[in-house]
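Written below as structure tokens is the structure these notes are about.
Going in written order, the chains are labelled A, B, C and D, and every chain counts its residues from 1.
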Amino acid sequence: MNNDVVLRTEQLSITFGGLNALNGVDFEIREGEVLAIIGPNGAGKTTFFNVLSGNLRPNSGRVIFKGQDITGLPSYEICRRGLSRTYQKTSIFQDLTVFENIRLGAQIGHGRHHSWLRGALSDKAVVSVVEELLEMGGLNHQANQPAGNLSHGDQRLLEILIGISTRPELLLLDEPSAGLSAKETRQITQWVKDLSQTTIRNVIIVEHDMDVVTELASAIYVLNYGEVLCHGPVGEVKCNPQVQEIYLGKSV
Amino acid sequence: MVKPKMGTTRRQFIKTGILGAGALSIGLGFPAIVRGKTAPIRIGGLMDMTGGLWAFGTWGHRSIEAAVKRVNAAGGIGGREVTYVMEDSATNVQTGLRKLRKLIEQDGCDFIIGPCNSGVNTASAPVVEQFTTPHFAWGTALSITQDKGNRFVFRGINNIRHGMVALAKIMGSELGKRYYCLGADYEWGRSVISEFRRVIDPVGGKMVGEEYSPVGTEDFVPYLNKIKADDVDILVGGYFTGDILKLARQAYEKGLLKKMQIIGGAMPTGIAPKEFGPAGNAVWFTSYGPQRMADVPDALKPFNKVYRDAIGLDAEGKDAKTGEEGSPSYSWTPWEHVFWIKRGIEKSGWKGKDDVGKFIQALEGMKVEAGDDFPQGPKAMRAQDHQVFTDQYVYKIQDNQYQLKGIVPAKDMDYPSEVDYTKQKV
Amino acid sequence: MAELIISQVVNGLVWGLILALISIGLTLIYGQLEIVNVAHGALYTVGAVVAYYAFSTFGGWVFALVLSPLALALLGLVIYLTTIRFALGKPPIVTVIITYGILFILEQTVFLTYGGVPRSIPTPIPYNIPFIGGDYPVYRIFCAVFSGLVIFCLMAFLKWTRYGLWTRATKQDYETAMNMGIPVRRVYAFVFCLGSALAGLGGALAAPISSVTFTMGHSIIIDAFIVVIMAGFGSVIGTLVASLVIEVVIGVSAAFVNPVMAKVIGMAIMVVVLFIRPEGLFGEK
Amino acid sequence: MSAEAQTHSSRIGWLVVLGVGICLLVAPHVLDRYPRYILTEVIIWGLFALGFDIIFGKTGLLNFGMSSFFGVGAYGFVYAVKYVYPSVWLGILSGMMFAMVFSIVVGWIVTRFSSHYFVVFTIVISMILFFLAMNLRTITGADEGINIRLPDLQIIAWQFSLRSPITKYYLILGVAAAAFLVVWLFFDSPIGRAVVAIRENEARAQMIGYNTAYLKLVAYTLSGTVAGLAGAMYPLLNSTTSAELFFWILSGKAVLWTVVGGAGTLWGPFLGAALLVTAEDAFSSWLVDFYPILVGVLLIAIILLAPKGVLGTLFQIIAERRESTEPGGRS
């Protein structure tokens, strides 16, 4: 096996009540790559993420992460091994402060989550990471706000910040621009781009907005009816007539 | 958890203010601390005014109130006025214990008259011992004047043992030898059955089966199914009030009561005999006092009338005002407890807390005659276990009436005491 | 022994049907409104009390059987409008606390008006039929048949009528139902009333078997919760099956062990079922 | 602002804590006998409700069977003192350990359920325990319970008689304060804060690396142990215990006290217990008939209008006041 491969799936399949949500998906992401997954609604993109992150257990097939089989491991274990994700529908800790939202992930990143003999805030290493991340996301002025008070755009940002607070080696972004205005989309795209060039080098992104995909990803996988239709560099896939027909037809 | 909308508005502030103020005003309802330093003798009544035994509590309360009024009208005890404070023990041991403390510690009560709830009475025993406050128990579980009691606990009413002995004596020939036990799974229910066995086993009784149902059973049929009508003469029901009603009716509907008789643990309170319907004709009860005026022995009739008039109980054993069923089988006891206290004080010359020892010694072995003070009849307070011995009544329902079947005199129900409190310090 | 077991099974089925009637009200309300109604037992009590008054006023048992569910539907509407309406969409645990409050209010109101003394209603059908090892009251058989009939009608109603369709649509997808022009709020109110009426009917049926007191709902509500949770919250048919299973199991085990252990075995069955199938027998994942 | 933000609390907060602390220390010498008794009892009930708050207010699981832990703790105390060795410390330890073991076993079963399934499950298990406690009378004494004689309190070489209610008060206050401190530290620590994350969003907590099943078991055990510790102090106060302690009414009271006082605040349960126990005490003799109705209305009103309870809403208001005056800044 190539050591360069961060994550690989083999013949991943899952069915819901007779419906093949994923059907023999082979997938691969290499070190330093930003990949996008596209496809029409119901193509199985989010299901694919759910299987990778351990939310769903596949009926067959394997997920290999950093050379280890992680198929069917509980999601917390997968996260601790360095695979983190965000959600299309914002999933944050509404009543907790923005600071605490990020801190919860950061203490996992530092392996400090078992301790109960010391105050959580006296852990300088964790706190400084949180402050760094807040700075990075420009949320430091709202650190003490309950996360539910943030604007939608900031909540999307916080969603990603929580995702990277656990110091993952691979980040799965599920439609980071969902529900954002054009301007906000541009901002978050730029932000993710910076991120992928500095901290988190391996990113898989599910996205509808082709501009975002073009801006961020180096290669694309196209899913349709739970199967990989085709994959390859962005330019190549965009030109694929099949892809244009089923998905990109109107927008390219 | 609940996720309220963010941002406290003025409205929310006001809302909280109102709620907070409401809660605080509840808290501040805490009554001012009043401590009597002088004259009155304080009697505390711990009564189950709410919860399952509320009917007993309500009548007990009326009884004490009337008795105290009567004592005061006659110039109090030794010239001192008697005041009465009532607290609701809510048919609940935890609440009862707290209210007991309230009576002793806050209201400064010198004597406590306990509720009909055996659980509260047994749990009270260590507390009254600690505070050296005489306690007059009203519950009928045997243990109150046995292992669970102590020198500060008295009981002016017979207990289940008397009740079962009396039943056996009166039923006599009607009492078949084969019996089946079904009781509620708590101490009182179990002791009804064990006391019945204590009486009948030595004279050839044969137990066919024994079961205890969990508290709150609605359907007795699964247990009744185990009983074969031909094999059993008597169904011993270790149940109280509402449950004995259910048991009897369901047994009747199952066709068990064609020949079989049912023994109820004690006379129900508040339940009219007609509620039993046709099932009633097979039901026997032991009763701690007379139900109707007509059942009272002639010698006691004038005394009983005084007491009934005073607490508003009519000749039929109903509330003179509302016509609802009263608790005549029990409600004389708190009344008499007031007068036990009076006799004790008068005999011992009790002046205050320091004389408790003298008071207790005065009551130990005391005999009282029937009178307005003791309308239920003459009594003796046994010294060793502080248990009163008095007459016991036996009833049966017949044609939708509680019908007196007989009265068993105290001397026929004697049993040796297993404890001797007189050896304890006071 | 065989005789005893048969009679335990029969009685278990009979009592199970009555329990199912009450429990189905609980599960309907949950399935539709996601309200965990702790006050359901108090509604059952009120149903029995109304039955008592109806019986003693009009002298006929039929009146009780008609008036109780009607009165309870009305009471359900009042409760819905005053409190439940505001609890919709809140987490189930919040609804537990709200209905716990309602339980306090209802029960004490019954105590203050009806009184604390247990009273009884004479058996409406005072006949027994000979049955292995003894007699069996006809009224219980009537109750079982009647309950079964009501449950059947209810299921038919939910399946074939417009309101039934509406309730199913609302249950599946609130927003789509809204867009399709289904009066969602009215469906909610209706289902809450229906559930309350079933509790009332259960109370009216059980009143002549049990005795009518203000605390009679305590033990039944726990039994009802046990079957509803074992069935999987929201499943009508599951609730029916679970009621029958639990009552038969309790009855049959009472033939072998003491009543308390029989009861504990009944409860333990629920624990085991949920341990294996956390979503309940008929629940959806 | 969340209750969690309160932990980095302002100076005023500490002053209040200090004030309350001093009041509690002085109280037994100022108060008359009965109010002192009530206060002692309130501390026990508050600690019991704190146990409930851990699982409900902090973890988001409504445990309607808290009475089991209280009962187990009480019996743990009585067995140790009566049958093993007459030492109060042994009794308290035993009550706590009994409750801890019990909550681990039960928690292992129930924490795999959530929401309403968890609620019903906990009720049923507590009912099973109640029926068994009533049934196994040779062990529990059923509803008549077991009365005990308290040994003297031994602290190193000093002996104190527990016949003195003041000694009892300080012992109970001390144990409760220690337990409160442990709980408070727990929820200030990384693991405790992770527990709160479960309440907020269990799926996400799992996704960022928390073994939520394990954390729920930890919270459940802590909750049961604290409630059991409160239970162990009940026979210490009243020299008696009975199977009635297992009855669901007591569980209902824990819910009531905590919701009224302020779920998730840790102080709220104590406040709620104080308010409602004194209210019950003051009212139930002259407002007997309407008290339960009042309680019902209060419960509904609080959960709908101020779901954080008296204290939680107060905290929220203070926090937002502070925020509006000093924008930004973490602490």
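Please note the rule applied: a residue touches a chain if its C-beta (ideal position, glycine included) is under 8 Å from a C-beta of that chain, and two chains touch if they have at least 3 such contacts.
Small disclaimer: the values here were computed from a predicted structure and weren't measured.
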item	value
If a chain touches subunit A and subunit B alike, it appears here	D
Chain pair with the greatest number of C-beta contact pairs	B-D
Chain separated most widely from subunit D, comparing mean CA positions	A
Chain occupying the most central position, where position means C-alpha average	D
Mean-CA-position distance for subunit C and subunit A (Å)	47
Rounded Å distance between subunit B and subunit D, as computed from the means of their C-alpha atoms	34
Distance from subunit D to subunit C - Cα centre to Cα centre, in angstrom	33
Junction residues of subunit C - those touching two or more other chains	91, 93-94, 258, 260, 263
Multi-partner residues of subunit B (each touching 2 or more other chains)	1-2, 7, 185, 212, 214
Sites on subunit A at which at least two other chains make contact	94-95, 146
Complex contact set, residues of subunit D against subunit B	32-35, 37-38, 41, 56-57, 60, 131, 134-135, 137, 141-145, 147-149, 163, 199-200, 238-240, 242, 244-245, 249-250, 260, 263-264, 274-285, 288, 298, 301-303, 305-308, 310, 313-314, 316-317, 320
Touch list for subunit D against partner subunit C, complex	56, 60-62, 64, 109, 112-113, 115-117, 119-121, 123-125, 127-128, 131-132, 134-135, 252, 255, 259, 289-290, 292-293, 295-300, 303-304, 307
Touching residues on subunit B, where the partner in the complex is subunit D	1-2, 4, 7-8, 12-13, 15-16, 19-20, 22-24, 26-27, 29-31, 33, 35, 49-50, 86-88, 90, 92-95, 97-99, 101-102, 105-106, 118-119, 122-123, 125-127, 130, 141, 143, 148, 185-188, 190, 212, 214-215
Touch list for subunit C against partner subunit B, complex	4, 7-8, 11-12, 15, 90-91, 93-94, 115-120, 122-123, 126, 128, 133-137, 139-140, 206, 209-211, 213, 215-216, 218-220, 250-251, 254-255, 258-260, 262-263
Touching residues on subunit D, where the partner in the complex is subunit A	1-2, 4-5, 7-8, 185-186, 188-194, 196-197, 200-201, 203-212, 323, 327-331
